[in-house]
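Labels A, B and C are assigned to the chains in the order they are written; within every chain, residues are numbered from 1.
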Amino acid sequence: MSAAIEVHGLVKRFGGLTALDGIELEARPAEVLGIIGVNGAGKTTLMNCVCGIYRADEGRVLIGGRDTTGLTPHEIAHRGVGRTFQIPRVFRKMSLIDNLLVPVLDRREAGPALIERAEAMLEQMRLIELRHNFAEELSGGQQKLLEMARMLMPDPAVVMLDEPFAGVHPTLCRFMIERIEAMAADGKTVLLISHDLTSIYRLSRRVAALNEGRVIAMGGVDEIRGNPAVVEAYLGN
Amino acid sequence: MPPEPGGAVPRSAERATADRIYFTLAAVIGGLVSIYFLVVPVLDLNIAFHFYLMLWITMASAFNVAAGFSGYMPFGFVAFYGVGSFTTAILVKSLGFPVLVALPFSGAAGVVLGLLFAPTLRLSGIYFAIVSLALAGICRLVISNMPQEITGGSFGLQLGSRAEPVHSFYVMMGVMLMALGVILWLSRSRLGKALRAVRDDAEAADMMGVNVTRVRLYGWLIAAFFPAVCGGVEAWYTNVVDTETAFNTLTTAKTVIYAVAGGLGTVTGPIVGSVVMVWLDELIWRRFPLLNLLILGVATVLLVLFLPRGIVGTLLRWRPEWRRYIP
Amino acid sequence: MDTLVLNGIVNGLIVGGIYALIGMSLTLLYGVLRVVNFAHGEFVIGGSFLAYALFSNLGIAPLFALPVAAVSFFALGWGAYFLLLPRLQKSDDPEIMSFLMMYGVSLALAAVMLLIFEADSRSIDYSFQPIAMKIGPIYVSTARIVAFGITIVLAAALTWFLFRTLPGKALRAAIMNREAIQIIGVDVVKLSAFAFALASAIAGVTGVLVALVFPAFNPFSGAEYSIIGFIVVVLGGLGNPLGALLAGILYGLSEQLATVFLPQAMAPIVGFGILVAVILIRPAGLLGWRAQR
């Protein structure tokens, strides 16, 4: 499945704080859109709005041309949106296989077929030996991989990764980069939040720089690298 | 079938073996339980003891659905039991229903009550527990304040001219086996997985496509059905209901303690917990009748301190590989 | 104004004061330790029975039972903390586990009191001189007035302690952020034990006041006071002592006024109903914060 994602004029306020102040961006199938910005710029809030945890105060989100604004998280998930979290939110007291089965519980496929797919996914993520362990027994990096596998199970059109490299061993990072490249090659639309600028620049075709709830620059990697506004936002104030 | 990389046994075959062991164990336990209880009246063993043992197994198992699978601790669990008791009593006494027809209505009454309480499902742990307690209190007060002709006031209701211990005994057995069957199914089913995901992280489950509200409701209604039917059967067994015993907070207490003693989250846990605790209770009752309550209280404290995962739960913690084989 | 309503208000304040004390101590316990003390009612009734035992066996007036209760319950609380709580903090779900454990404690305590005092209702046959005093158009028993006076002093003292002394501030800081105060160097274990001991002491003393204010009590009365404690704590916001104070008085007022207009047997429904309504509509209580799952 593949679809573009468009965000128009997204505004989100928390009491007196305006976390998102009119976000405009879009990403297309088979592309990785990197999202950068200092802490508090609104990156995670943007993701939370897109997947439905937060209700935006203004603006719209379109997935594959269809408006998903205001839908519940599980409805949005069924529209083909998957995500991972900055701090892994795996289902701690369920086995790895069961973790992977949760997003596809409502599929018509028979149980054994789904389990085989889950096992294949775990094998790809090099977690197959631990498939019967509870998720809480995994290390932080392994949990991030588990989240990635879980996210991919329903074959989402749009995937959003929130700081996948944070606190992860460099070898694992390289492995994750490969996986992310594979997702894009597969035709998925990938939104990638990260502070790891090297990885962002390597993976992304385009990058959106956020600051104080707005997209201050969006364009190709070289464009963003040299953009004075971006540099100032990162280093200034 | 092509050989799996690095493994001597193909994963699908290994899975099949694990499933076979699981279901064999389940069948063996179910069979043993059935045969044992089947012969109790025949061999003239203590019917009362065994009736209540089956009752507690059923109650603890139903509670397990709410607590172990879904993550809720309804401290007002007795509300379903009480409502079920009174439904059967009223239908039998005032409307002349045969008991076997009244019992499903009791179950339905439990489900209706569960629906009424459904808005509380969005509350977190302690708040939910406390509200559940308060709601049970309201149920009790509402029923005790209903007109005497309907609910018998402080004297209670008598169902019929005499009790029928053996018939109600076998019906209780049927209810227990049904409950165990449902829970066995639940633990392997997709609904069961969804419930556990919601228990572990409701928001994440939501984002993974699980309809959290609906899933929670289904689990809750299953948990509400069985204690209500238990109440009905017990009303039949003792031939009398009154608000004090039907809505006794000790019923919830014992249910919770027996379920926790065995271990929440497994099918066998509540069975083991009930058997051990009911047997212990009977032992204490024979020797030191006055110390019952004290022993129950102390046992709870010791359980929480030293065996918080229960007997089966601790066993599975010690040998996690066995999780796939033990129901 | 209707005498009944006036009576309701006066009694509501007196009873509300007691509920406020129960709530304040319970909320302190929850706030600092994240322990939901299901046995709090039994602590309170334990204090009542202590006063009863002292009076009927040694002829000690209830007023003198107050310091005895305070000291003995403080010591018991301190010991109980070390016996019960350290293991709990390490478990997967300390709140629910503590709920369960304290439930066991409540059963055990009720059982002990049952064994010692049997199930009959007890009351303390102590009369002040004069037995009752006239306030406006109504008569109020002196015992209740004295109890109310003591309640005010205690509540004020507790509030002063929490907001003006260093240990009190440490307790409030612990309520706000357990991890942070450890970093500052506060001995969390001692502080926690202190919180438990203090809450127990207040509960015990409140029990003596209960004996003065309410006509009778028995080993099973504890459960009712636990529930009332929960209502007050939730109404006032978990971990918020001032909230509990306010909520206790409000709840006492509504309970007593309800008995003016409703049959006695229905009165608890008002309390339960308030609890359910508040939790569902504004779970943070009057002055608290988050509760959704």
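Assume a residue touches a chain if its C-beta (ideal position, glycine included) is under 8 Å from a C-beta of that chain, and two chains touch if they have at least 3 such contacts.
Note that the structure is predicted; figures quoted are calculated from it, not measured.
Compare each chain's C-alpha centroid with the centroid of every protein C-alpha atom shown, and the nearest one belongs to B.
Greatest Cα centroid separation from chain C: this falls to A. Taking each chain's centre as the mean of its C-alpha atoms, chain B lies 33 Å from chain C.
Inter-chain centre distance (chain A to chain B, centres taken as mean C-alpha positions): 41 Å.
Between chain A and chain C, the centres computed from C-alpha atoms are 49 Å apart. Shared interface positions of chain A, defined as residues touching 2 or more other chains, are absent. Listed in rising order, the residues of chain A touching chain B in the complex are 51-53, 72-74, 76-78, 83, 85, 89-95, 98, 101-106, 112, 115-116, 119, 132-134, 137, 150, 154.
Remark: chain B residues 73, 75, 119-120, 122-131, 133-135, 137-138, 141-142, 144-145, 202, 249, 253, 256-257, 260, 290-294, 296-301, 303-305, 308 touch chain C in the complex.
For chain C in complex with chain B, the residues that touch the partner chain are 36, 84, 87-88, 91-93, 95-97, 99-101, 103-112, 114-115, 223, 227, 230-231, 234, 238, 263, 265-266, 268-269, 272-273, 275-276, 279-280, 283, 291-293. Contacts from chain B toward chain A in the complex involve residues 11-12, 15, 190, 193-194, 196-197, 199-201, 203-212, 265, 320-321, 323-324.
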